[in-house]
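Provided herewith is a single structure, encoded as structure tokens, for subsequent inquiry.
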Amino acid sequence: MRALRLHKPYEFHIHDEPIPQPQPGWAQIQIKSVGVCASDVHWYKDGRIGNTVMSDPIILGHEASGVITALGEGVDSLKVGDRVAIEPAKPCMRCEFCLSGHPNVCPGAPFFGTPPTDGCFCDYIVWPAELAIKIPDSVSFDAAAMIEPLAVGDYAVELSQIVPGDTVAIFGAGAIGLSTLQAAKLAGASKIIISDPIQARREMALKIGATEAIEPSEVRNAVNATTSARGIDIAFECSGSEEAVCECCEIARILGKVMILGIPDGDTYPFAASASRRKQLSAIFVRRSNLNTERCIEYVAEGKMDVKPYASHHFTLEQTKEAMELAITRGDGLIRAIIAVNE
Amino acid sequence: MRALRLHKPYEFHIHDEPIPQPQPGWAQIQIKSVGVCASDVHWYKDGRIGNTVMSDPIILGHEASGVITALGEGVDSLKVGDRVAIEPAKPCMRCEFCLSGHPNVCPGAPFFGTPPTDGCFCDYIVWPAELAIKIPDSVSFDAAAMIEPLAVGDYAVELSQIVPGDTVAIFGAGAIGLSTLQAAKLAGASKIIISDPIQARREMALKIGATEAIEPSEVRNAVNATTSARGIDIAFECSGSEEAVCECCEIARILGKVMILGIPDGDTYPFAASASRRKQLSAIFVRRSNLNTERCIEYVAEGKMDVKPYASHHFTLEQTKEAMELAITRGDGLIRAIIAVNE
Amino acid sequence: MRALRLHKPYEFHIHDEPIPQPQPGWAQIQIKSVGVCASDVHWYKDGRIGNTVMSDPIILGHEASGVITALGEGVDSLKVGDRVAIEPAKPCMRCEFCLSGHPNVCPGAPFFGTPPTDGCFCDYIVWPAELAIKIPDSVSFDAAAMIEPLAVGDYAVELSQIVPGDTVAIFGAGAIGLSTLQAAKLAGASKIIISDPIQARREMALKIGATEAIEPSEVRNAVNATTSARGIDIAFECSGSEEAVCECCEIARILGKVMILGIPDGDTYPFAASASRRKQLSAIFVRRSNLNTERCIEYVAEGKMDVKPYASHHFTLEQTKEAMELAITRGDGLIRAIIAVNE
Amino acid sequence: MRALRLHKPYEFHIHDEPIPQPQPGWAQIQIKSVGVCASDVHWYKDGRIGNTVMSDPIILGHEASGVITALGEGVDSLKVGDRVAIEPAKPCMRCEFCLSGHPNVCPGAPFFGTPPTDGCFCDYIVWPAELAIKIPDSVSFDAAAMIEPLAVGDYAVELSQIVPGDTVAIFGAGAIGLSTLQAAKLAGASKIIISDPIQARREMALKIGATEAIEPSEVRNAVNATTSARGIDIAFECSGSEEAVCECCEIARILGKVMILGIPDGDTYPFAASASRRKQLSAIFVRRSNLNTERCIEYVAEGKMDVKPYASHHFTLEQTKEAMELAITRGDGLIRAIIAVNE
């Protein structure tokens, strides 16, 4: 099969590798669609995220969908031919965090495309059967690949303990920001202000339900106008910008919340000191998603959420480098680049 | 009466001013003891804290106790001669925050020694009667002045939602750090690691109930040893150091909490990016105290908390500049400098 | 003016009384529409609710709307001619509960139509101006009178800490049950099963957004079918039936919640012992509404909630006894009887 | 070995049965001390608790300690000769409740002495090794058997979200009530009023740290006196009395909490209707304990909690019937009857 490996920053090679076979309890999945996430781009550019550094050539890609092509012994929950969305993390289900309802923070859980665990930019993977979630026929492979970022936004909104009527501001209208927007809307947010420097993303946000979609520099004024200067109830940082972290503190209301999803280039998240202290803000740093996948598949199947428009650009496996370059420049109105591995 | 005013950074002058008279519902209080808080030192050195800048000469000092010397019309709750601790903030009791149980974040609430509100480095003040809290005879004026920082620590622990058995680390063993320590102990913390560069403070912390009292640079190892590398349940930043903010993120356990009480010199609190995100930390920036004063007076009266040792050094009103200079250098084993205004 | 007073159970008399004049800060309101609440019916039948017993003849009615006809000194927030919904409770705004964000439990707060406070079955009332909430032209007087029960349902859902995707069961499809249904839907409930013995109410519930509307005896089976026998996330008791309290315990999932809004005839709420303990249920007894009125007016104005259909039957002030009798029998597909005081 | 089986209400027989052998991952434990819990007494008297009914002769007893006498394959955490406290429930660790930090509500988890799972009134048991918790030498076998009720009280206090300074009332000063008392004290409760009809229990409660220990009928007045008629912050029902459930509602403050631990004779917990609704009470029905065992062993080892005095009366295995009879009458100042199975 084909396996696209990153050898060092900016350098991919296609390899011909044996198709992996499923052990008992696992499934073999032919990959269909894979999204290119901001973290894939971090690996592609820098060969590292924070303290984690790649060494051996690695297969990236973790926002993936596919078709079951073989099953290991003892798997009853799936059958060959099933169409599935794939959970990219493999928590141990035995540590104190897995056992307290937080498998998303299981330390050392293998995660697709994070060293040393190969990801999904290849023809076939094997993975525990319970991490391949069946999707209805009405959900496309592209949509199924987008369930992963959708679940991240859904989880962030859940963690924020939003209540109906809350006002929300979101920095970044990529797949994570748009997913946060949809989850906030479903939870009854009364006003949702979203910002992004890219016009196409702002237009998408408006279609999906934003009250306002503006340039990041305009957020402070917009929040003041919308809330009569009271400040926003919950601010979500989904852009990876350090300025946005500070800005979240400035626009939050007294006793407001700042939810951090973005991954910055630098080593710290700088919180505005005076604003944070004077307003007694709370901040939560969000780690991936947490048991939100099945719920998000239902939302998409029922039409309560829509991820089809995220897939703004398509590439073949061989064109992944071009997809990465487009993701870096965020050109051409990109929302999410999709690698269509097997049509 | 004497009133000590800061005219510009490093420059105090004593003025002879008329004794203020209480309006209806207010009390006139002869000041006895006033603590020198880190925020007083910020004003003394810089003439500003964050965005708030002094203009006219101002009387500093907000950790105060005294004796009732006159009462405005309609005050039933106090009588002349009552010994009192003084709440330094005057919330409006009508805004949404006052009415939702959070007068501590009332925007624009006058606060002693914060422009344009004069503080307590003077012989007499007037203040609403309900903000002068009667203390029992067993509580000294020095102790009563220390109720204010004690309440701040008590509130921070309350906000942290600590549960018995939790492990705690505290950066800074000044009056705020020691108060946090005592409140955490009372709430059933199983281990309390506190750090400070000053040996006298570390010794005090051990007397008051710390499990370990160490240099800040040793905290990471101590937490690892104490928690078998699991990390601390709750980290309190009470030192104003930016390094300590980052260090709180590093030592916190997965899903741990970081409580921020210290006021940094810089404009931001830098949270360690990888650690905060990977462990899904929560942070709360603590604003003063919130309805903790009466409870803390009871704790001190019952011997459950002890603030006597905070008052490590005494000065007259005329010696306030020397007290400030000592507070800047943190020399001579200083915990809290007390201005003994009227013996 | 006309004032309808209950002299003893089942006995109303119309009196000719002077029109009350507003004191400073108060408003005089000409009453337009008043709903007949289950608690009004309790007074009409029994002359008491729980331990509170009527003595002097009293004016009932607390779900009211009207028009400002005069203003006491110092009222800036309203003008003569303004159309308003009326908050029926007058909390003190000084006790610890008012000051902690819970004016709804202010002990001894006067409440319309609860001895000794006269209510709204009359031509004019006077009330503090801040308790008369302006409504937009698009909201009818009937709808404005229904804001009160709508706010109760909205508050119950808020208190339940529902999260999007939760399943909900509601006993009782009167005005309170239907309001709970609408609030739960807005908060993202995935399935809402509601029950009532009256067919017209069930049909209304389906129009308003219920997933299923059934007889109370069918709830257990419906919950099992809908949740694959897992049980319901949140059960709301809005019927006043003691059997329904027990049934809430039976249908709740493990760690589920039971929210109690209904007022039973008996002296106790009987919780099913085995089910409550085995599943570690939580229960909250809901007291009126709490700062939900303005939000609910907005929801109605924006079309997110709809209370028009609650007003199923109209009566004149002189016909109030007939309205009460209909409410007792719940005949003719009654949802809410409205007293149209001044057309 | 000896195995004491209940054949029908009031009828025990000693059987000679083979010593069970541990499967892989399990331990064989020689039983030392077993407490006689109120639920054992329910089985003894009625042959049922709620809907659960015994059929075959069953070995009761679940508050147990012992010594490891053999180990199944693959057990590293224990060795023969280790002294252990025993967790009586065997949660599946795979259901949604086990995986969300609540193994205490795992449906269908086998529990010692609850049909069809035999308990500890016998010489030897086998049980998964991770459910046998090593105790230090300083903790006696009697004390170790009392860790189970101690953990129940500790969990109830944890669930109540008590904060330091809260006032507490407890109905029942048996092993559960006394454990709740100790946990509340450790969490910083300011006043603890406990009630029991038995004088010896009241005396014990005072020794262990109660502020007041009184007859149940005196609680209402005591709470009023202690709280200046404000009401108690948290009421714990640990007596199994239905009157006490109602009384908890009456003594709780506005927005107070009622924690239900007791098992009543009847089918319902009757909550006082007016009081519950008017004060907007919250109630939680507590299910066993939840991961509190290790913490409680530490507390006992460190001297922060003391369970030695619970063991007021000792019996041999053959005298278990006498122990049951004494437990029914609660005569002779009984706190907990201990079956000393192997001296």
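Each chain carries a letter (A, B, C and D) given by its place in the written order, and its residues are counted from 1.
Basically, contacts are C-beta pairs under 8 Å (C-beta built on N, C-alpha and C of every residue); 3 or more make two chains touch, one makes a residue touch a chain.
These numbers were taken from a predicted model, which means no experiment stands behind them.
Centroid distances built from C-alpha atoms place C farthest away from chain B.
Chain pairs A-C and B-C differ in how many C-beta pairs are in contact, and the one with more is A-C. The centroid of the Cα atoms in chain C and the matching centroid in chain D are 42 Å apart. Inter-chain centre distance (chain B to chain C, centres taken as mean C-alpha positions): 46 Å.
With touch defined as above, chain C holds no residue shared between interfaces to two or more other chains. Looking at the complex, you find that chain A touches chain D at residues 93, 98-101, 103. Against chain B, in their complex, chain A makes its touches with residues 49-52, 97, 102, 104-105, 107, 246, 254-255, 260, 263-264, 266-274, 276-287. Across the interface of their complex, chain B is touched by residues 154, 157-158, 161, 163-165, 183, 186-188, 190, 295, 298 of chain D.
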